[in-house]
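Same chain, two partners: chain A is paired with chain B first, then with chain C.
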Partner chain A sequence: MEVVDIHASCDHEFIAQVEAESEQKVRLCYQCGNCTAGCPYTFAYDIPVSQVMRLLQAGQKERLLSCKSIWLCATCESCTTRCPNEIDVARIMDVLRHMARREGYVSERNVKVFWDTFLDSVEKHGRVFEMGLLATYVAKTGRFWTDMDLGPKILPKGKLSFKPHEIQGKDKVAEIFKRFRETQQ
Partner chain B sequence: MKIGVFICHCGSNIGGTVDAAKVAEAARAFPDVVFTSDTMYACSEPGQDGIIQAIKDHQLDGVVVSSCTPRMHEPTFRRTVERAGLNRFMFEMANIREHVSWIGKDKEANTNKAVELTGIAVEKLRQDQPLFAKQFDINKRVMIIGGGVAGIQAALDCADGDREVVLVERESTIGGKMAKLDKTFPTVDCSSCILGPKMVDVAQHPKIQLYAMSEVEEIGGYVGNFEVKIKRKAPYVNWELCTGCGLCMEKCPSKKSKDRFNEQVGTTTAINIPFPQAIPKKAVIDPEFCIKLTKGKCGICAKVCPTKAIVFDQQEEIVSESVGAIVAATGYDLFDISKYGEYGGGRLPDVITGMQYERLLSASGPTGGHVKRPSDGKEPKTIVFVQCVGSRDKSVDRPYCSGFCCMYTAKQAILTKDHIPDSTSYVFYMDIRAPGKMYDEFTRRAMEEYGTQYVRGRVSMIYPKGDKLLVRGADTLMGTQVEVEADLVVLAAGAEAAVGAPHLAEKLRISYDKYGFFMESHPKLRPVETNTAGVYLAGACQGPKDIPASVAQGSAAAAKVLALFAKDKLENDPMISSVDIKRCVGCGKCVQVCPFGAIKEVDFRGEPKAEVIETVCQGCGLCTATCPQGAIQLSHFTDNQILAEVNALCQL
Partner chain C sequence: MTKYAYYPGCSGLGTSQEYDSSTRAVCRALGVELVDIPDWSCCGSTPAHTVDHLLSSALAARNLALAENLDATALITPCPSCLTNLKVAVHRMSDREFRLQVNKLLDKPVDRSTPVKSVLQVLAEDVGPDAVAEMLPNKPLAGLKLAPYYGCIMNRPPEVMQFDDHENPMAMDKLMAALGAEVLPFPLKVECCGASYGVARKDIVAKLSGKLLEAAEDLGAHAVVTACPLCQMNLDLRQGQAGASAGRKFQMPVFYYTQLLGLALGVPQSKLGLSKLCVNPRLALDAMHAAQAEQREREAKSEADKQTLKAKAA
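And now, the complex of A and B:
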């Protein structure tokens, strides 16, 4: 592990950006660890969420945006609920994930593919088309056998439709996506 | 003689591992014992009433209580037997709690031992005689040693209580450590602005006699009547004449003198007034640097002094003061940072102590309040603070927490941001200990409002890199090794006992801990008293303390002094030594060993004999153990009593 020059390597602009986008003040964190204590995903994280907060205070942009944890966060908001300083930690994780996506850091490709496929499906059909999502996700990630066993259980219950659901205002949903893209330019 | 024996259960403390009823039953067989009983809490009101009732019902002449340590309840039970009409010294105590029930679980063995200890106490009581205290006069003047904020507070409170105060200060001015501070936490108010008026009050109070540049040389006597010899060191200036105008300082050509007040951040003149608010504001010559005193030439100060106050051949003098009580308020010193070789303190000019940094921040300091680093006078932009330097570190024999460093470091980080807005401060810490009122909020403010970067971890080393200092440490929360290129490093040096504290403790006949801090009489219930009657403690001499705690203890010590002085006569403890003049051969050994100077040699029909001064003897028993003739005996601890106890133990 390399030595971190905490003065030179502290990216103040990065901290300011995270603070602006999340509307949270990272200095408020006093590292009690309550977020990590309650997080159900710590077992899968490469950096526990309290350490994500510490790295953020130290402006360690590269390490944060390239970490897996920000992609694995399920936004269950246990951390937010329990933070004694009322920091919305889950929102910070969300902001970090968006920043990572924007700046081309994707440490968990499958997660990103799932999000993209999900959103594409919503954009196209006004709501998610499960079968289409499944097919695209499996095709893009090559995870053919994952959840294969669930198919026979779900199909008879009518939970998987072979056709997209027709909903009202489909075009309005697509409009939201369009407006979003415009703001991003 | 009719003796009553009471065995205490102390709830389950004794009752849990000692069969108290069985001990009471066994005690009935001891000689002269006419009544025994076991009681749940002997010290409680019904317990004490039971003892009084038994004394009356059975016409008892003496009482034994087997319970806790006499340190706890001997005075309680002495009062109890006195209330029942007995002499309060016709009472003995056997310690079956600390010495028996708390140290073993074997109930049978414990019960046997409790019986034996009770038997010993009975044998001792059988040879006890009623004793009567002597009354003696009390001198209602108090001496306070140390003129820091604790001593100042104690002095002012005693003087306001209309008692004469003798205040002895080692340095040439009072004010102590607090006078050196720029600001105080957590209010960030100017230290000298709040201390200055108190110092002036000391100077102007008609009841306070101030001896600055003086040290306690010798202390004799006892509570109510201490005789103290004070050494007044020579300032080489007649302070009666000196007006503190400062002309001598302006003209003095020896400008490389050690600036002790400014923690040697800079140098000063050989003739010097430490700071503008000094009390007394008088000049002092440092003989180590004065050209006249070292080389015999110069004497410019003497020429310019408008009142002709300079006296190059001034000698130190000894003055005597009689007082009835003494308050030790000698404060603390700072840990020597050069003991951490890896931090470069004392070797690297830009690695300084927190106290030195205070002087850099202070408007009356050597840099006029502009933060300039010592090496090149540049304004530092990156400042690293390292906490726990000489605190919580067994390897340097300082395992204790100095208590105030977390707070002063947070304060200095805040002040740094105020002085240099474009600076960044890093604080390496292990824990933040901020338990006072508004303290934690203050450290949080340093982080949240002033952007101080707190890094949880220790610093392993500091070494020069170009004109900067590379600080290598750990961030345990980030889980990595870190480094910072700093312009200035401030080490939060811990507190240690003041230089010479153990030496003074010996003069005061009080105990001190292994680090040199004075021992209070009880850590919780007697925090300002010592085990020597009439000697009290105030401030950091008893252990590291911040300003509010020191001031509180100063006032507490004054309250104790005033309570003592509220009496016109004091009583001695009559358990003291006495000489059997027929047996005494006048060898004088007892005179030599007595730590209190309580034995004098007298002439008895042409022969030398020892005589005990009853009000001075503290009953320690050293003389008894020393006397080759067995001529000097300590009442209630006579040789015969001790032999009777041993006999009882061997026969039981």
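And now, the complex of A and C:
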């Protein structure tokens, strides 16, 4: 069993920051395990969600921001919906990855690349350009063989456009991103 | 007629264009007027809220502001991911301070609080299964066994989504039953299919979608019916990958509920887009027709038996 010396390593400022950004009270979690019981992603997580909550109560910043689980949570809302203490657990998972991003932790690089590429596409065109998104993702990750089996299934359906769906207000959408970045400085 | 501001979502222009076209056609057939939000933009979907909640709400809110000009009853969208982002934005913007922050990122600020609903909610509540059943006395989808799959975020979390039951939603069940279909008690109605991890972690999607297809097959479903473009793509396009993960070879058509509504209502094939599905929908429709033929035969036989008994009695 792993023993964490809470007195030596508890980062109180980290707990306060997560509580402020998520508007949740971390101390309300009494470790019933309902969130982990319902979480479909436990098999892929390195730390089950109820243990994320416990490590959070213990202020284990480094462990949490460097874990894989926070990048693999799909925000399916099972934990949030079933928490008996009404903690918005999925929102806490979201906030943890916001912090991980800001502090330069990336434990699931391909997931981050996919999300970033998606948002780049929205910033550029106003709407997401599916073909462009896939092409850029493959170029950035070098995963040329991933999903090769799907090409013959989807391409003949004629659904994927080879041109982006530009909108008139794409500059206005780009402005949203620009102003958002200014708030982060 | 009630007028709704319609938000198709980006996938409606691409991978889920048959969902968009069948949604529009079904709304027309059921007297639900849709007005497209002019020059709508992406809601930010999952990627935006994983980066920051202010950015996510602002991307969604640009569309709320554009919809205000349309003087519509509500903003409605077929896609649960768009729905979540739009609804969460409205929910969080009820906080004045947060609304001010969001508006600072926008060219045109959000002034009003526009109600946001799914198209499913409008069809289930404003039109209703009873009205649909009345239009279709012949029960055109009788014999079709369906596993109804809502996906994880159509109804969750309940405080934000405010629609149907969050553990056992019934809206789509009731609409499909109104068409005559046999709706099976699918236990994984709200379990996650793997969501947007298909590209970056297809092993996760294969495993989770594999579980869903297994459950549907074990129940004896002819098809899965869904209301989410991402779920549909994971279950249909990635069915081979899901089968490899589950150690089975699935042949399970995956319909959008609007395609089945449209089929029953006689919407033209070009709008239904059944040919856009990957797993051949014929597999399910043939099984349905076979069940209908069997039923007719059973009825004819029981009628003939009655006549024979009558003749004997006489």
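Convention: the second predicted complex is superposed on the first by the 181 of 185 C-alpha atoms of A that agree within 3 Å, B and C clash if a C-alpha of one lies under 4 Å from a C-alpha of the other, contacts with A are read in each partner's own complex, and residues count from 1 in each chain.
As a working rule, a contact is a pair of C-beta atoms (placed from the backbone, for glycine too) under 8 Å apart; a residue touches a chain by one contact, two chains touch by 3 or more.
Note that the structure is a prediction, hence the values are computed from the model and not measured.
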Simultaneous placement of chain C and chain B on chain A, clash or fit: fit
May I ask you to decide whether A:His7 touches chain B, chain C, both, or neither, giving the answer as first, second, both or neither? first
Partner touching more residues of chain A, chain B vs chain C, is chain C
Partner chain(s) touched by A:Lys25 [first = chain B, second = chain C, both, neither]: first
Determine, under the contact definition given at the top, whether A:Gln60 touches first (chain B), second (chain C), both, or neither. first
Compute the least Cα distance separating chain B from chain C in the superposition and give it as a whole number of Å. 23
The answer for chain B against chain A in the complex is residues 382, 424, 426, 444, 447-448, 451, 453, 455-456, 472, 475, 477-486
Within the complex, which stretch of chain C touches chain A? 10-11, 13-18, 39-42, 44-55, 58-59, 62, 101, 104-107, 152-153, 156-158, 166-167, 190-192, 194-204, 207-208, 237-238, 240-241, 275-276, 278
Spell out the residues on chain A that touch chain B in their complex, using ranges where they run on. 1, 3-8, 10, 25, 27-28, 30-31, 50-51, 54-55, 57-58, 60
Within their complex, chain A touches chain C through residues 40-41, 43-44, 72, 74-78, 80-81, 88, 90, 94, 97-98, 101, 108, 110-111, 113-116, 118-119, 122, 126-128, 130-131, 134, 137, 146-147, 149-150, 153-154, 157, 159-161, 165, 167-170, 172-173, 175-177, 179-180, 183-184
